[in-house]
Structure formats: C-alpha cells, structure tokens
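The same chain A turns up in both complexes below, where it pairs with chain B and then with chain C.
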Partner chain A sequence: MKIGLINTLLVASTALVALSTPTFAQGVRENYAPVTAEMLANPPAEDWLMFRGAYNNQGYSALDMINKDTVGDLELAWAWPMAEAGIQETAPLVHDGVMFLQTNNNIVEALDAKTGDLIWQYRHVLPEIPASWSYQANQARRQKNSIALFEDKVILTTVDAKIVVLNAADGKVAWEKQVLDYNLGYSYTVGPLIADGKIISAISGCSIAGTAGGCYILAHDVNTGDELWRFNTIDDPNNPEQQESWGGVPPENRWGGTPWTTGSYDPETNTTFWGIGMPGPYAELIRGSGDGSVLYTNSTLALDVATGELKWYYQHLPRDNWDLDSPFERILVDQEIDGETHKMLISVPGKNGIAFGLDRETGEYLWSKETVVQNVVESIDEDGTVNINEDLVFNAVGEEFLVCTSVSGGKLWQAGAYSPLTETFFVPLTEACNTVAPTQTEFTAGNAVGSVKFGPRVLPEGITDAGLIQALDINPEQAESKWQYRYRPSPTSSVLATAGGLVFGGDAAREIKAWDQETGEVLWSQRLNAPVGGYPMTYALDGEQYLVIPTGYSNSASSISSAFPEIPLPTGSGNSIFVFKLPKADS
Partner chain B sequence: MPLRSPRIARFVVPLIAGMMTAGPSMAAGFTAEQAAAGETAYNSQCAQCHGRQLEGPEAPGLAGQDVMQNWHSAGGLYDFISVAMPPSAPGQLGEETYLNIIAYIMEFNGAAPGDEPLTADPDLLYSVLLAEETAAGAAAAPAASDATPAAEATSVPQAFTWGKQLPGSPASAQPAAPTAAAEPSVPQAFTWGQQLPTAGAN
Partner chain C sequence: MFRFFGVGLALLASSAAFAQTSGIPPEEMNNTRRLAGDSINVCFDMTSLGRPFDEDVAKAIGDALFLQVNVVEGFGGFPVNGDGFMDELTLAMNNTCDMFMGVSVSANSPFSEAFALTRPYATIPFVLAVTDPEWQSLAEIPKDRKLGTAMSSLGEMNYITWSQQQPEAERWVRFPYADYNKMATRVLDGTIAGMILWQPAMAQLQAERPEAAALRVIANDPLPPASVRVGALVSSRNAFLRSQVDQAIDALAADGTIDALMEKHRYQGNAGE
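Here is the complex of A and B:
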C-alpha cells in the first residue's frame, strides 16, 4: 500500500476552541483515507482495522516479511509511553499510516505509525464518582481492548457508558451519545464492532448493584447514533426457558451476563457472535436460583444484526458458582474439507480453559477439549450438555472449596489466535486454583454483588509452571494438542499469529516470544520494561512490516505472581508500546 | 510452588469451627500500635495501587462494609494477602507486617483497637469478624461519608436472598444484613436476609 507523507500541522490557534470541549487535539492528519465497509469486510493485509484484525476475531495477519527466517533480526523502530497508568489491555489499530492507541480512562492517541510522532490526543472527561464506588472506579482503570474505525471516524465506547465518535483526522468530537446510566454502574470496557451500518456494542458493569435486571448488547446507527435494538443477556421475554433457568429469581435480583469481549461477525449471514460472562451473585446459594442454569450467562449468543433477535445460544458453563466467566473471544473459522465448507465457531470461552468447537450456523456442539487443570466441569455429553461438578456447589454460607481454575483463569481476557496457515488455535493459559466461599453481603452503590470470598491464586497440586501456551490442531471433528509450551511466569498478553509461520505472545516476566507455529520452538525473544500486555499486532508501511508489542501493568501478572517469586514484577505501571521491524535490506 | 497452608491444598475445606462460633467480639482483636505500624507499612507497600484512602482505583478498594463482609474474617484477609500481596514481593513482607496491615485496614474501616494483639493463630484470626468489628465505624467511614448527594440518593437492588435466613447465616446473632434489609438503599441479593446454612454448623 502506498502511503503518502503525513503532514502534521500544529494548529495552536484552535487551542481556545478546544478548551470548551473534552477534545485535546494538537494536530491534523491531512487526506486521511476513509475506512470503507468493503475494507472492514476484507481488511488489507497492511492495516489492522479492528480489535483482532478482522471480523472473524482470528488475530491473524497475512503479512510474512517477518517470518521464521527473519524474526531473529528484529530491531526496535520506536517506542511510546501510554498516556495513562492502570491495567493495560490495549488493542492498537493502524490505517493509512496512522496508529490509533486507546488507553485507560478513554484516552485515544493518533500516532504516525512510521515515526511514532504524536498527531493528536483525545482525553475523555469522566464524571466524578463517589470514592466509595471503588469497584466502579477500578473498572475505569481496566479498560479492555479496542476502539473502532469507520469512514473518517474513530468510534469509542467509554467508562461513563457513552459512544463517542471522533474525527480521525484531528481527534475532535463529531458526536457522542449517552447510552446507559453510569450512576447505576453501567460502564463500557470493551470496544465496539462496526457492521451493517451499525455500531454493535456491549455494556459492562453488570455485576454492580445498581444495574440489576439488565445487561445489554446494543446496536446504534453508525451515522446518527439512534438506538436500533438491544438484547438483554439476563432477561429474555421471548424465551420462557431462559426465565425459568433463574429458578424464581425475578429480573430485579439478577446480575451479571456481561459480554466482556468484542464479538465477531459473519457478513454472509449478518450474524454477530458474543460471549457472555458469569451470573451474580456468584454462588447459587446467595443468588437464590437453585440448580437453574441461569441463562444466558456463560453462553455464546448468535444475534441477527438486522433485528437483534437471538438465532441460537449455547451454554458453556451452566449453574456457575465460582465466577468462572465464559465471555472471551469467539473466533470464526472456515475449513474446506473434501469440497465441503465447514463454518465453525471456536473458542476457549471461559476461565476454566475448556476449548469448544460449534457449528456457527446452528450452534450445534462439535467438540470440546480440556487444557489446564480444572475441576468444575465433570463431563460434556455428546449433544454438548455440560455437566458441572456438583460436589463444588455450596450448601452453606462460609463453606469453602478449592476450585480450579481460579477466578483469574485459566483463560482470561488475553485472546488466542487462529492461524489458517497451519489450522492451529494458539491459546495463552494459566494453571491456577483458588478457594471460594460464599458470603452474605449487603450491596452498596458502585460496588459488585459477587458475595464470595476468594483465596489467593495457587498452582494446582503437582504443577510448577504457571504459564501454558497451548497449540490446538483444529478440525470440525475435534481439537488435538499440537504442542504445549510450559513456563514459570503467566502469559499476560494476547497472541498474534502471522503468515510468517509465527505466533507472538508475552508474559509476566516482561518477555515477548515468537514461537514456530508448527513446533512450538522459540525463535525470538526480547525482554521489555513491564509485563507484556494487550494485543500484539502487526502492519506494513512503505514495504516494511512492523510488529507492535504493548507492555504494562497487568492483573494477569499480579494475580499469581506468588507462583514465580524468582521473577519480581516491577512496581511501576510501565504502560508503553514497543514497535519492532526488520533492518532495511539495502542498509 | 509449595502451598503455604495445607488448608488450601485440600479440595473440600470446611471452615474451621472458630469462624462459625465467633466468641464474644468485645475486643477488636488488634492493638493501636499494630494499626499505627500497619499504616506505615500499608502506605509504603499497598497504597500505590489500593490508594491512601483505601479507595483503589489501580487495585480493588479496601474500604466499605461490603468489602469487610466479603473477606468475612481477619483470617480470610490474612490467607489472601500473606500469599499474594504485594504482587512485586508476594508473601514476602513477613507475618508481623501482614498482621499490622490487617489491623490498619480494620481501623480504617471503623474498628476500635483493644488490648489484645492480632496474632497468626488461625483460631484467633478466623474469630475476628470484619463486618462486626467495623460495623460501627463503617457507617461513618471516610470512603462512605464523602459520597455525593447523588450517591446517597442512589438506591440499588439487593440479592434475591437478601433478608432471608440462609444456611450458614448466624442464627443466634443476626448479621448486619437482615437488619439493614428493612431499608435497603441499594438492590440486594434474592437471598438477602434469609437464614442460610452455615458451614460446620450442626
């Protein structure tokens, strides 16, 4: 792709105007090329236009300049400190030579992707909330993933439950819309998906007391912001089975069902796929739901993008008692076998680390595969019915069980990647258990309704390595282990697979590694300033491939750092991005 | 990594009897000296993430009655922080410092110091019930009292079981929960206020 020269014009004269808005734009990117609907459907390999690179959430790049032969030559092109501390889970995007970087508290920076120079910065002005709303305040500091690009706009969802649309050229606010009431606890922590002329977003904060009864996936018109539909993940009036699954608990006493990860999208069927989190309170003893499965918690939902209607659902963990969410990335995979196209949805959807394959047209269960040590799922029937370990269901307040995986995973937000090159799914995982005991808690504004006491995260008996990169050979019949890479520290970043035959991922020990997709051999590694975090990605500019590695403070590092005390974590946040590239061939 | 405590190595771990049969709670279970030393240690080791006012936000807040209820006892808090905190040196501050920090967290949440020190004796730790010890002060805790008028007006739902006696709910001394259930300011659990079974109770 030919990239024109970026002209960053300093426009000091607009400073006074900017003072009257939340915008803090210093520069302008002239002649920014709009991101078309066609580009979103078929992203150019040079760009990284959305959360996981494409609608299929594969986290795969077709670029291959950095490959098994060249990866050892990578050198630092530039680095940049993020604008804010806090837990770092950023997913940088690149289009037309501009990198868009979102950080905590909804700060967005546009950087020249070649030089690392700042073009503009947007700082969202957040409302002040009472100090006692500590869970809600903490949520603002653990912003998950991404923003979205469409036409000449940057679209973000904010901690105070707004959709904000910026001009990509200068970072100024084009329009914004208050979607839900942050005073109740609603808060966006995951980025939107732009599809079919709509902004598809999912609200978080649904385990905060004031949000009882409603947790939503929503669609807004991408141009006007008008709400087109919303789907409530814990109260579906069209499905009696869903209502009954809460065992008599009325909607006003239901919490959870948070879609914690940006969904995937199949343009052929105009369907979006989202993962849903745990129910609240966490334990059915406190929740009052008896042995009900508490739909649609811990499920995959397939929604018609035109109408918001549910096409199908599949529940990966019914009757959750341990805060073992199943909201993580849903990946769409097509495989041609003997002339037949198999359209799958694959995922390690939940903290318990079990991998699933579903038929994405019907929601039919295809296969499952255990990865890390877990004791909450006893068996999965051939028809896909998941049977929990009822020995771990609490019968009394204060009763305590050791539950594997831990509330921190197993699997957590760090996304896996699927490589069509090797038909392999690479998943970052942590071996961990914790004790869980229900408590009776009076809920307070701005705080969560879990009502559970967790013990510290500990390694499962007999295991000494916290970290596991699991490579799964995928087909419509099964997932088999291709290789495993076990190591002391926990993996703390998402992984990136590329057409160069590599998979990149980082850990609590501040190291980014490149593995051979086929063998699991480490072909390159580099120690950085802080635990590797967020979503590594890659792009190309003027014939050179760049590799972006975010670093920074991470719950995934801190929650089980006691398992690798020989690798002390830094106490500084260190939130940064490091951009690598190959030396120029002619130099 | 060897588990620090054999308690958490077992798959099914009923809480020790001391937790259920809390003795008279006249004494707060810690001394003023412990809380003072704990304040220094907290501000040095914890405040960077958990905040000088225990408000977070880089890590979960440690102030408020719901936080005290969730950790349940000083033992619950000790079991966690003495293994996992601080993340840069997990479990490495030493028993005395962890106990002091717990004393400070309790004092900050409204508990009054007494003559008897907090020790690492599990029976003692599990008998110090955080919600009870801090109940008087929690209502007037700094974190709660600086709520804006909007916050005070916010009523949130409670659990379906809120106000109900569930297994495990103390039968003799009703917890703060049912008392407060009469006028819940925020939504509560469906089971709130119910008498629930108590682990280890006969």
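Here is the complex of A and C:
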C-alpha cells in the first residue's frame, strides 16, 4: 500500500515535470565543424554563413542547380513553424548541415537542414519587462534579422542589450555580456558581424529620452567579450564639422542616428560599412538644429575595424524632417573594367528609394538613381551633395505636407541583392506617400513623447501598383534601369540572387516569385500561408540545392494593405519557414 | 524629381509605422469581453508626471459612479518620436484597459478613431523657471542666453510658434530636453537661462531636489499662455462609459473635488476646462 502510494506520487510528479518543461528535444549536434575566419572571408557556396551570405552583403549565392530551366520543378522539402508570433524578419543561416534560425524574443533554434528536425532551442531569459519598458517589448516582437556564426559558437544580440554566445552544438550559453544599460532604453534590434576577431554590433533605442547623446557601433573581442572600441554616431569629438552640423545643439540634446541594419565588411582594408538612421526629433523645428545637416544621421560610415576610427562618411539625406531613415544594407561590389578593379559600395540606403554608388575606398560619390516616386530630394550635385526640397521643411507647428515616400518607405529593411553574374542590383520597393506635420502630439499629458503626426499611407497620383521590383544595371559610372516588375501588393521580403540566373522575392499576397535576372520574367511562383518575410536564402547538402522562404506577420503588408483590398491578409501570423528543393533527377 | 502629387488612394492604415515599429501580430490581441461586474480597469502611463494625481482622480470618478477602480500600470518608456506608442496603446486598450488616464486632450490629439477622449478633468499650465533674481519675465532675459523646453510639449510648441513669428534677433536659441531633471540641472549650472516646463514637473522638482529651491517661476511674457487639458481615453465602442465618466468629471469639477486634489499635489491651473 505504501509502495503503491509512492509510485503514484512519482507518476504525478513526472507528469508535472513533463507539463512544465518544453516538449521539444534538446539534442546535441556531434562533431560540428567550426566556422573559421577563412570561411567567413570566402564562404563555401553550399553554406549561408551570415546575414546576407557574405561580408559583401550581396545576398547572392553561387549555387546554380536551381536555375531558369529547373526552377519550375521545385517541390516542398519540409516546413517549420517558428517559435512565437512576431513580425517576420528572420535571416536563417546554414553551416555543416545545421540551420540556425532566430525568432522574436531572441529565441534561437538549430534544425537539421536536410530534414527540418529540431536539434536544440535556446530561449533568452529576459528580465521581467516592467510597464515602463514598452519600447523594448515592442522591439522584442520583431524577429531579429540576423545572428552570427564563428568557430563553434552562435552569437546573438538581444533586446535587453546583451551579447550572448551559444555553443553551436547544443545551444548552451558559453558566455554573455551586458553591453549597454537597457534601463536607459538601449536595445539590440539587429544582429552582429564577426570580423578580425571582433564582434561588431550596433545598438538601437537611441530615440529614447535616457539615451540622449549616445548611439553606438561597438567592437568586442570575440573570445572574451571585452569592449575594444565604440563609435558614437551622433557625437564625434574628432570632427568639428560633425559637431557644427547640429546647429549648436549640445550632444545631450541629440537623439537618433540608429544603425539598424547589419553592416558589411571589406577584409582587404579591414573596414566595416554601416548605414545610420534618422535624427531625433524628426523635425528640425523641434530638434532646434536649424538648417544643419545633423551628421552622421542618414549617412554611410566606413570604420577601421582595428581602431573604430572613422575613415570616411557620406550623407545620403541631410536635414531629414520626415523620418526617412537611411540605415539599410550597404553592398560591396567589385567590377573589373579594362583591367582596372573598381571597388564600389552600392545601396538604396534610405526610405526615399534613391540608389547610390560610392567609391568604397574614399567615400567619393559616383552616381545616384531615383526609383520610386519621391519629393524630398530636389537634386544631387556632381560632387554628391544632396539638396533637399526646402519647400517641405516645416516653418510652423501644425504645417502639413504630403511627403513621398512614406514613413514606411519606399525602401524598408527588406534587403536588395546584387548579382555579379549579371552585374545587376535588385531592389524591393513600395510606392507610397503620407502627410507629415510637426504638431503638439504629446500622448500623455506633459510627457515628452511624440513630435510629428503622420497621415495614412497613400499611393502617389497615377500609380495603382504598390509593389515594385527594380533591377538596376550597375557600373562605376551609373545605374540604369534594366527592368521593372510592378504589381499590386507590396514586396514584403528581402530578395535573393543566385548563379542560376534567378532572383527570388516575396510579397504581401503570400507569393514567392522567381524572376529571370535578365528580363524580369516570372519563371516560378508559389502561394504560401502568409506574407513572405525575412531574408530568403539557399544552401546545398549532399548534392542538392535547397531554397528557404520565411513567411509570417508583416508590418510592411498591413501598413499599406488597403492599396490592394482584393488581397486579404491572413488573420493569423503563421510565422514559418518553407524549404524547397528539386526532385532528385533535376538536382 | 516628382514635385506635384495628389492623393491617389487613401489607405486605411490603423497605426503609424515609425522608424522601427514592429506592428501588432493578430495573436497578441485578446478577443474576449471583460466581465468586470462593478469594476473598471483604469490604466496609467508609468512614466507620466501626473501619475499620482491621475490615480486620485480615477478613484474619485470610480466613487462617483459606484465603480471599483482596478489600478493597472499601463505602459511607458517610449522614444521621443513616439515609435511604438500607438501599437502598445492599442494592445493595452484592447486587452486590459477600460480607461486610460492622463492623456492630453487637444484638437491635435494623435489617437485613432478607435479611442474617444473624455472631457478634460484638469487644465494645467506650462511655466517658465529661472534662477536669476533680476528677471521678472521672459522679456527680461538677454537674447544671447539660451532656453530649454520640454520636448514635444505644448509649452515647447507654444514657444516655437511665437518664435517663428519674430525676427531672428528677437528669438532665444532653444534646446529641447526630454528629461526635466536634466533641464533643471542646466538651469542651475547656468548652461541655459531658463526652462519652459509643465507645472507638475516644477512641483516635483521642488519636492525632490533641495537645490531646486533656487528655481522660481516668472512671467511668460511675451509668450501667450499655454496649458494642457488632461483627460482620459476610453474605447469608442463604449459610448456609455464615456458619457458616464464625462458626467462624473463635470460633477467632481463643480463640487470642488478636483480642485482639492490639485491642491494636494501642488498643481496650478483649474479643474475641468
């Protein structure tokens, strides 16, 4: 009788344990092959080792099994529901047969890249989020765009401003480091870059009151976590021009300058390139900076990875008054012309959709090219000086202008891709405008939050298609339109270019498409469960090429969904990844 | 460049999408009806200056309506540009709050049509604080001295609007401050000559910082006066609650209850509008 009772208690307690612990397996990937510095510099074609595949941020794969002839045969290999609801911005990575997937709330999963079986899951334990921490709660709901791999580690940056280093084999924490004080408002929203033995990261939350005067790109030792340098994007004491550009506003009254897209890296010159976001407050009438250009907001920064010193900067949008951020991906391109190598940095850096080409060794302006309808930049001089449309600068509180592009872009975080195969830059864009007015918009009485009122997104006059895939023919002299693909829904994912002559990208209508890089012809499409999001990528395993497509909740889809009312958005998020491959015979 | 545009198709975006705003995945929204009986959930901005006063007013409204007030810490801690505010407000109002206290009631209130503003329960001014004993009004501060303003506040807007109408030589250079404590420090150390801030912030400074005794309020002249009207937010679907709360606010303003609470918290201004 007594023994029976004990058995029953044991069963009961076992059941409780089973209920109270996650029901997934915490496995170990034995004999995981480390990611070497050499691999990061020259990624094997079958892997996808970082944010955009390689240090150059091109979003290009040398794999060509899936190509113009075979893409029509793609079949679903496996799919995976992601851990929690949140905006879908994931950038899956693959190495040695393991897929590393980060979701919102800093959850990382390792999956068998062949079968889709879970190997391990890491759930970052956040401090209990107090009600006074709403911005971080909001940011935690984004599925962070990237993590990083190095040696036998997975490196992530977290919403509570930490660097966390996991063992790639089992997902256990190797070490972690509190980088900045989240109580001031600092929060990581983008992943790091591993270069020259350093973790290069960039912080967000730089528009919160407590972070006044400091927004940083930082370097930490990849093995010890020791901070090696930090560069402040809104306060550079070594550059008087930068200080003067704030029109006398002291550093402690400056906000913004958030670098919220993972940078690129040139190993040859040990230089990292980052894009910087808008100033705060949005309108110069409020921020008190007069007609100052407010450096280094909306600029490209080239930093020496050894020292953190600024090599050069170029400002793509001075005097931003409309939250038209310019932090998006900087892409490094080399072109051989008449025996001369041209080292360029190309980008559609900002929400206004203007493409730029720079000499990446000097920062010299090479060319620019407008894409979507915009009215904030009047002209760009031959020396690269950007002249804004001063008719749209507010002279009074409450003055309202129709500004194009909208605060949602134009261009947003969805990354473009460059194909060295066709020397073409493919960019996902949205046609949209909105009214902007600096106004007395304090939400809570007396509280310093909110200084500009944005109207709903509208299509520019005469345009009925929100979506645009713009293919730009690139050379050191200019960018010319190679083709345009216009369609009703907005593009909601980044694009992927491959050596198979294809460009992949997805939209709010839940459709993933493959375009012919040369002609823009749609060669394949597949409707999925939710708007396509994140960063499509590709890898190869055992002689077969796989194509990975993230889907799920998309703020980019919902913010302009009434432009295409015939395409209803799903009521659930459905955050997932879908993995396609060719039938055996094709591959 | 394209210079001329008309509105093509008005798009019914329900919330502003600022720089990095995440949006609200549908799973985050509860689709349940609260069965509260004789109680209401009243939410507050944790970081609001008027938080203790607002709670007292909420309890007085509850007493007047024979309702139990459940005090819920709402949210707070947003970027100076309001990034994420509307998302979190929408979530809180959908999932938790019957009423959200302490919001600014004005023609430019940024809230969506999903929410309705009550009548204001208090009208509280912005003030100008300095340390120099010689100055009795803003007009006496030399133009080469600088001012601080509470960023994005009605007081700041009031100053900017006045300033834009003056010749440049007649304006003071102004720096925006998101933290009134830091702004006070800069007045006390002489970096700026004075600061325009909401009077409850001044009351709090003088209650919490001994050195703030050196600060004194002087006349705003030549600026016109600026006051914030403070009210609450309810769901637009709950017209009955809004009407009841409006009636309660009128009664509490008329019988001196709100005046007494303002005195308790050392607020200037007046009850109601």
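As a working rule, the second predicted complex is superposed on the first by the 545 of 587 C-alpha atoms of A that agree within 3 Å, B and C clash if a C-alpha of one lies under 4 Å from a C-alpha of the other, contacts with A are read in each partner's own complex, and residues count from 1 in each chain.
To be clear about the criterion, contacts are C-beta pairs under 8 Å (C-beta built on N, C-alpha and C of every residue); 3 or more make two chains touch, one makes a residue touch a chain.
Predicted, not measured: the structure shown is a model, and the values here were computed from it.
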Simultaneous placement of chain C and chain B on chain A, clash or fit: clash
Touching partner for A:568 - first (chain B), second (chain C), both, neither: first
Touching partner for A:338 - first (chain B), second (chain C), both, neither: neither
Touched partner set for A:138, first chain B, second chain C, both or neither: both
Touched partner set for A:213, first chain B, second chain C, both or neither: first
Touching partner for A:382 - first (chain B), second (chain C), both, neither: neither
Which superposed partner A:325 touches (first chain B, second chain C, both, neither): second
First (chain B), second (chain C), both or neither touched by A:401: first
Contacts of A:260 with chain B and chain C, given as first, second, both or neither: second
Part of chain C, among the options 59-67, 131-139 or 239-247, whose backbone runs into chain B after overlay: 239-247
Where chain A meets both chain C and chain B, residue numbers: 85-87, 130-135, 137-138, 141, 185, 209-210, 212, 248-250, 252-253, 281, 285-288, 375, 395-398, 402, 439-447, 449-454, 456-459, 461, 464, 553, 558-563, 571, 573
Chain A-touching residues of chain B, taken from the complex the two chains share: 1, 3, 8-15, 19-20, 48, 53, 55-67, 69-72, 76, 79-80, 83-84, 86-92, 142-144, 146-148, 150-151, 154, 156-162, 164, 166-169, 175-177, 180-181, 184-192, 196-201
Complex contacts: residues of chain A adjacent to chain B: 85-87, 128-135, 137-138, 140-141, 183-185, 209-210, 212-213, 248-250, 252-254, 281, 285-289, 375, 391, 395-402, 435, 437-447, 449-459, 461, 464, 553, 557-565, 568-571, 573
Residues of chain C that touch chain A when the two form their complex: 1-13, 16-28, 45-50, 73-85, 87-89, 102-104, 106, 108-111, 124, 150-154, 156-157, 160-161, 164, 173-179, 182, 191, 198, 200-201, 228, 230
Of chain A, residues touching chain C in the complex: 85-87, 130-139, 141-142, 185, 189, 204-205, 207-210, 212, 248-250, 252-253, 255-256, 258, 260, 277-278, 280-282, 285-288, 323, 325, 370, 373-375, 377-379, 389, 395-398, 402, 404, 407-408, 432-433, 439-454, 456-464, 553-555, 558-563, 571-573
